[in-house]
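Next come two complexes built around subunit A: one with subunit B, the other with subunit C.
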Partner chain A sequence: MSSLALLHRRRAGRRRPWTLRRTSGRVAIYALLLFLVVVFIAPIAWGVLESLRDPNAGLLGSLIPHPLHWSNYRLAWSGLLPFAHYLKNTVVLSIIYTVPVVFTSALAGYGFARHRARGRNVLFMCVLATTLVPFVITFIPQFVVFAHVHMVNTYWPWFLWGLGGVPFLIFLFRQFYANFPSELHDAAAIDGCGSLRIFLWIYLPNSGAVLAAGTIVMFTWVWGDYIFPALLLYDNQTTLGPKIAGGYTNATGSFAYIPVTLAGAMLFTLPVVLLFFALQKKLARGIVTTGLKG
Partner chain B sequence: MATAQQSVAEPHAASTRRRRASLRRRETLAFYGFISPWLLGFIFLSILPLALGFAISLSNFNGFNLHTSLRYVGFANYRRAFHDPEFWQSLIRTGVFTLIVVPATLAIQLGLALLLNSRIKALGLWRTLFYLPAIIPIVATAYIWKAITAQDGGLVNRIIGALGGSSSIDWLVGHPRATLLALVLWGSAGVGMLIFLAGLQSIPEELYEAARIDGASRFAVFRKVTLPLLTPVIMFQLIFSLIGAAQVVAQPLLLAPNTTGGLGASVPPPNQLFNVQALQEIFVYGDYGYGAAMIWIFVLALMLITAALFFSGRFWVYYGSEQYSNE
Partner chain C sequence: MSGIVLQDVVKVFPNGVRAVDGVNLTIEDGEFVVLVGPSGCGKTTLLRCIGGLEDVTDGAVFIGDRDVTDVSPKDRDIAMVFQNYALYPHMSVRNNIAFGLKVRRTPRQEIGARIANAARLLGLEELLDRRPLALSGGQRQRVAMGRAIARRPAVYLMDEPLSNLDAKLRVRVRADLAQLHAQLGVTTVYVTHDQVEAMTLGQRAAVMNKGQIQQVDTPQRLYWSPANLFVAAFIGSPSMNLAEGKVAGGALRLGDFSFPLSELGPDARRLPSSVILGVRPEHLTELTNGASGGWAIEGDVAVQENLGAEELVFFPLEIAAVESDDLVRAQSGEEHAALLADERAIFTARLVATGTPRERRTIKVGLDPRLCHFFDPETGEAIALHAGA
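Presenting the complex of A and B:
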């Protein structure tokens, strides 16, 4: 088409007349969105509501619990389980995994994006291929080895997994660094900066959105993980995932306090929700702008 | 030195060549330096475990007999799997589960992304709300859905009761798969939505303009512009949700009724997916050799399906635009 027609069209498009059909279409979109948000948020709201019921009555009673048993949260925090202790474990484990995984993924992403070498493409195919390998098949032998070298019930496996990086993040960083303006890179190279210094001083400080996206994705995953702590940790070393999964019961374990368990689950959820709200703009930007275009 | 003779004739060119060679060597060194943490991880956390896992599947390893009665049993574990009706049942069950989950997740994620891409106000807020379930710890989501589907006082039964129906269905016992599907679909929508949204936003606006000038209807624009340009993202999501759905393991364990989850939980038969069975075989019954053989068969089947999907991409994935040709 001619560019003139395009220009004309674009100008016309900016001030489109408000016809009835258009308005009703807009209303329908917002109505649908609102309905879907209710469907998505209702389960969470229900979980919060149920966490405020009388712990001895289970989930029965009026739709809105009355009175609201905020004391369930106190019970979840200290009454029935040393919550703070397992919270500390969860924080430590999450950091031990997240910090190395983001850093080494950034390093590898930078290597793949900015350095030419024999074998680069084959190795990058290997990065992508590992995402296709289900975790159980590599985990079982790892577990056997971890047990043999006394790493079961320690946080070493998470540190080692972190050092190995994660394909998704390597891919994200590679995409981001490949589109990085090369002027800065060249200027630093002329000034005699080595590759590592260029990475640490120029690339890393300028990858805020991707760093934030990577951090939030990996941190929320390891924070909420159940299966690996359940398989590798026990007693005092374990995290909130398996602990909350065990639920809150009376001393003999014969009666489960479901509302208190839900209160504990909400306390467990709160930190990652706060982190998510703090970083959500960067999360979207990190994933959208790096061009995760498949 | 092959270049020695030439360097007499062309000293300048030789020194450039030498400098270029050393530059290239430095570049190679830097490349391998930067990727070395990943490369070591790849060798020691992926390649070696794969080999070791295959070796385990050919043995009678049970976790304790490493120095005592460990021996090579050939393909006995594989033969046992092929003659085990439970193996086939859980394989078929996982196949059916995957066949439901993959199209459903893709439809939900793409639908949400299309809605969010229709020039709405407060995009960030909507996006955040839809993404929220994806960041909630899996244990918390399992308890939330247990509370929703509880027989006494659960949300679903309350709604059915309010509508005048029978309101004492024990969902976790009577319809465990429905509960599991609801949990999985709800929990995984956000991530895919974000990826589809990124794909939609990378479609150049000019194409839509051109289609509009040609008088194309909204549906025609979707079919002829949006969908073809989105096929690489659809392929990406198809493969990742396939692998994700086939690997579901924590949710069935945590949704097991009347227990508090745990690896030893007795999962109702419809929710005994393949990974659940294999993990329990290994960590509850200590049958490493058999469990590893089961997993290897499963992984090979999964890889064959993935390869077939990749291959099918030749016929439906659009790589025409230059923008989509890099990865």
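Presenting the complex of A and C:
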């Protein structure tokens, strides 16, 4: 073993002493991290606790409710609102939007990353620039158009928005594909694939991480969206977002069951959390280069 | 008929780099041709132009009788082995080999037969269900070969396929490649910067520099009759020793050394007044003390490298080194250049190992005039003196 390696080993083995300065620094870091954890966890914990209170007692009482009213979740699911119906609407709407938006954004990102064409970079900048336009400016004309073609109170607008892609996702995929091993592209081209087939058979199956990230971001956004369903959908077509935000009330609407509303909100959040955990592994994976030299 | 013809092929990249500069090359059907040259000489770009992965700026590419200049890669009937193997990471070895065949809608039974054949040929039977991640470098290289073989194309293109293998494995796979070509007889263009691969694999090798082919010939002729200084310096390891001398009074003067031209015969009259002498390290022989006559030089040994059966001896001479950008490129990676940063000409002799320490001692070596090469200092072109050389 070289003397340099020995030196490194000795250094690695030697423990730094816990001086006052080092201890206080470490305490400060942990205090800050703990504070951040509390900031992020507290609203969720509060929501869970409040969802278990007596529905008629509002938000009053000790921090930890006693007894725990698990029946609030049953009420949230079926007692006051046809939760399952709106859940189905939300799932359908989320899929109708998420699948095309991730696919077309990936396709656009692939085009911007891999296809040489005059004006490509200018066009890419134009796509990114669209994020600067506030949605209210474009929404009113869009609403008028949708009304003219009888798409209000249907899920078509979400599908069409999905087909248009999202600049943020296009950017994400473009960056990912720009670093994708070009040899795989060349190998597929020589094996007989055209551009679209290379995308579908080579790029897309190896885009797990960015697909997972895009899916989580878009699904979470459309799942929790309040504004667009509130503006474009009504009656039985609407989704859980506007319904939960409206709160669970008695038949006349004069009394809001806040604990039940919070139980509904917890149920509403659950699928997104499950989706995140389902895609977590893929999210952690980087670009797949295992077919290249090792 | 699947020979390749390159006619005045030019490739200029959008940033203005002229990577391939008017290449003309005819490769016969079934021939194994190696494109060899230092990094950045344009050999890979030329290969990609043949494969259709780069559009040619000017000129034409023919495969067989077909002009494929504007034909997409998938329609050129070629298969390529990449430096990094480019195996599809999400597919098993079986599917990697089958992929090109599936795309071309080959019948399933035929695909199975070809996979089995390629796997048997390359010893991949046990690995067919593994993913590339679970393979070693040598196994990945064989899978990449298998993918190309199963396609049964008209032409194989290989872009430094052995460069990521360790030295021992490289020797083995090199032999396998030569054997495969002998069995399959398919036209092959092989790119490498390793002259040992070029010399051992190629039926002919094209030495490239600055986007141009310097010489296309059999490995033997590249070694024995280099067309110019670049080829002379590039082919052979260690590089050919070069020194500029003057012809006067019936002798060639190299610094303080004088070589009688009478030993070159009547051809010596064709030498210009100024000439670059080239002699390969393995053509220098050590002269024992007291030996005299003939062509001989001596110098103090700066470095001695023992290679086992042989040893390399580096000794500077009191002569200015022959310098040009081309030579620097051709000799890049040479050990002695790094060991001895010197403005003097550093000569290298490859001698039989005796185990005697030589450093800081004077060595006297003899040159066989028939094994010497002569180049015009102005043009760098070889001056042929010996019939058959």
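The rule is simple: the second predicted complex is superposed on the first by the 255 of 294 C-alpha atoms of A that agree within 3 Å, B and C clash if a C-alpha of one lies under 4 Å from a C-alpha of the other, contacts with A are read in each partner's own complex, and residues count from 1 in each chain.
In this section, contacts are C-beta pairs under 8 Å (C-beta built on N, C-alpha and C of every residue); 3 or more make two chains touch, one makes a residue touch a chain.
As the structure is a prediction and not an experimental result, all values here were calculated from the model.
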| item | value |
| --- | --- |
| Subunit A: partner with more touched residues, subunit B or subunit C | B |
| First, second, both or neither for A:43, with subunit B first and subunit C second | first |
| Touched partner set for A:61, first subunit B, second subunit C, both or neither | first |
| Partner chain in contact with A:187 - subunit B first, subunit C second, else both or neither | second |
| Subunit B and subunit C contact sites that coincide on subunit A, given as residue numbers | 288, 291-294 |
| Touch list for subunit A against partner subunit B, complex | 1, 5-6, 9-10, 13, 29-30, 32-33, 36-37, 40-44, 46-47, 50, 58-61, 63, 100, 104-105, 107-108, 110-112, 115-118, 120, 123, 126-127, 130-142, 144-145, 147-148, 160-161, 163-165, 170-171, 175, 195-196, 199, 216, 220, 223-227, 230-231, 240-242, 244-247, 249, 256, 258, 261-262, 265-266, 268-269, 272-273, 276-277, 280-281, 283-284, 287-288, 291-294 |
| Residues of subunit A defined as touching subunit C within the complex | 181, 183-184, 186-194, 197, 202, 205-206, 288-294 |
| Residues of subunit C touching subunit A in the complex | 48, 51-53, 72-74, 78-80, 82-90, 96, 99-100, 103-104, 131-133, 135-137, 140, 147, 151, 164 |
| Partner subunit A, residues of subunit B touching it in the complex | 24, 27-28, 30-35, 37-42, 44-46, 48-50, 52-53, 56, 61, 63, 66, 112, 115, 118, 120, 124, 126-133, 135-145, 147-148, 150, 152-155, 158, 186, 189, 194-195, 197-199, 201-202, 206, 209-210, 212-214, 232-237, 239-240, 243, 246-247, 249-250, 254, 260-263, 275, 278-279, 282-283, 288, 291-292, 295-296, 298-299, 302-303, 306, 323-324, 327 |
